[in-house]
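In the part that follows, the structures are each spelled out as structure tokens.
Below, chain A partners chain B and then partners chain C, in two separate complexes.
Now for the complex of A and B:
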């Protein structure tokens, strides 16, 4: 359904280097990484807004540069802010964006707006951040898109709106023929609902794995420096603390003891990024 | 059907689902041949990922508790009552062994243990 193969792009000082991953239909993939890791660049490439120097992006078995209209017709996107004429009303936005999509369903849009408690006569410029995100959601969900791409949609939103958004995403994939790619800083939001996680740092792929594997294998080992040095584990990074050390490793053997615990995605990012800095 | 997922449990979520569905089968809330919710619907309703739910169903199928009928969905197996019964017996035996182990450490006699069990049994 979605396939990125050996993607390269040079943008000034920043480089996307050799990124590949795949996503089947019916699943949610989270795109994670620190600030400036290339998440947004990658998303822009997926949307065809930035062209790759090398490599290939295939969406719905079509090449994005060859079938641009078809591909874009089948993508619904949500950005972290709504960049639209502030002195237009919500209903005007519907009319304008509706024209762009071959299968735009005005009633679906209206139903979402109603569900979200937004007045169709409200001015875009007067919407709150949560409302603006909801408008983008309504737009993304109203044209029968096969792929939803969301770039930091939960940033700056309260927990209630975030939860609402996430449960809509879950509802969308129930049918099994849609997929979601969501980039986020708030990794706790997607910890339970993401099927796959693609982690990038400095424009390079760290890993693209299914969440069950991540939960099964990544462990943090907390022990004295001597114990860490003695153990023959391959640590991703060792954090030196005053009274002990902590290190992230991939536990292939499935050791369970009081010295290891399951890290959050945030901790996994932290250890990889720190490891890369040294 | 009732499944409760705890975020503080040490058990992975997929195992909690496996245990939850087993409980429902033992208690009779889920009957042989009864249709289970689809993987995707259950994932949505529990607010967990599809892949986690899938893993739970695969595990239940591997252990013989449920069966997948191609294109139709997942059903509770017919023969699982005995299966669960045996599994539970094994669990009880294992726990009893632990009790014996602990008792030996305290040098308790067989009578002491029986007395304790009798007291607990009547207390209920």
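Now for the complex of A and C:
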């Protein structure tokens, strides 16, 4: 369904270098990485807003530059903020997006707006951050999109709205015919829902892996400096603490012991980023 | 493309400040006698400029380009819709100009003449041809103070080099008017007209040539904008 092959892009000082990954129908991929790692640039490349210098993006077996309307018609997007005209009302937004999508379902949009308790006559400029995100979510889910692209959809939201949005997302994808790419740096949001994780840092692909594999193989080893040095494990980075050290490694052998524990995605990002800084 | 024009139209109507609109109309009504010579000549240029730049300003101010282009819209359609917006705005403002100055004729203000329409069309098309590729290349906000200057400058040049006035008042013929004159003479010979009013025929041919040249420049400008915008990254 989605295939990115050897993508390259130069934007001033920032570079996207050799990014490749694939995602099949019905799966959720989390795009993770620290701020400024290139997540939004990559998402904009998927939407055809930024053209790759090299490489290929195939969505639904089509190239976005050749079948732009078809590809975009099948994508539902949610950005980190609703950059729309503040002097228009929610019902105006509905008209504009309704005219744009070939399969826009007005009733589905209205049902979501009602469910979210948003007044259709409210001005876009008067909506709260949470309401604006819900409007975008309603837009993304009202035209039978095959792929949902969400760029930091939960950033800046309170936990209640975050949970609400994530549960709607889960409800939607339970049918299995939609794929989702969700970029976030709030990794706890996607820990339980993502099937795949693609981690990018400084515009480069660190890994693109199955979530189960990450949960199974990534481990943090907590031990003294001497034990870590004696160990034959290949550490990604070693964090020095006052009385002990902690180091991230990939446990290919799958040996469980009391000195290792399963890291969170946040910890994995942290260790990789620190490892690269050194 | 039509949906994008509808979106712009919806935005324009929603962003009109009726308070300022009434104030503007009152000012025109108040000073229409004093500036009766200039107002019919510049009103459509000003209105077209306001409508088109307001539409770009709305997009820039709200960074809505990302949202609009993430919908099933092509960059080409954005360019076509903005150029079409110029034509529609110019056409409607010319009608408004005609209506206003036909109404005010009752109180002794001069009526709109063909020359006003010619200046309006040429100045609007040329000024928009100059500023739109810049907007598509650099965005609206960066040079927003330069755009009115360009429009004013082009409007002034068109007005100052108005060959029709020069021909009627001073008998001077500009290069274009000379070409029109020669074409007129040719037509006279080919079609063997009974009466040959050289001024009239030259002016008519001149009007057609200037409108045609402005349209060609406008199309070239649209082509430039398309090339620029298609390769632009929406960051």
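Here, the second predicted complex is superposed on the first by the 278 of 278 C-alpha atoms of A that agree within 3 Å, B and C clash if a C-alpha of one lies under 4 Å from a C-alpha of the other, contacts with A are read in each partner's own complex, and residues count from 1 in each chain.
Following the convention adopted for this analysis, a residue touches a chain if its C-beta (ideal position, glycine included) is under 8 Å from a C-beta of that chain, and two chains touch if they have at least 3 such contacts.
All figures in this text were calculated on a predicted structure; none of them were measured in a lab.
Of the two partner chains placed around the shared chain by superposition, neither chain B nor chain C is touched by A:23.
Set against each other, chain B and chain C touch different numbers of residues in chain A, with C touching more.
By the document's definition of touching, neither partner reaches A:137: not chain B, not chain C.
Using the contact criterion defined above for the overlaid structures, shared-chain residue A:206 touches neither chain B nor chain C, since it reaches no partner.
When the two structures are aligned on the shared chain, A:127 is found in touch with neither chain B nor chain C. In the overlay built on the shared chain, the residue A:85 is in contact with chain C alone; chain B does not reach it.
In the superposed pair of complexes, A:49 makes contact with chain C only, with no contact to chain B. Shared contact residues on chain A (touching chain B in one structure, chain C in the other): none found. By the touch rule above, chain B contacts chain A in their complex via residues 12-14, 40-41, 43-44, 47-52, 55. Within the complex formed with chain B, the chain A residues making contact are 26-28, 166-167, 170-171, 173-176, 192-196, 210-212, 215-216. Within the complex, the chain C residues that touch chain A are 3, 6-7, 10-11, 14-15, 58, 62-64, 66-67, 69-74, 231, 233-235. Residue ranges of chain A in contact with chain C, taken from their complex: 11, 44, 47-51, 68-69, 72-73, 75, 77, 79, 82-88, 92, 95-97, 99-102.
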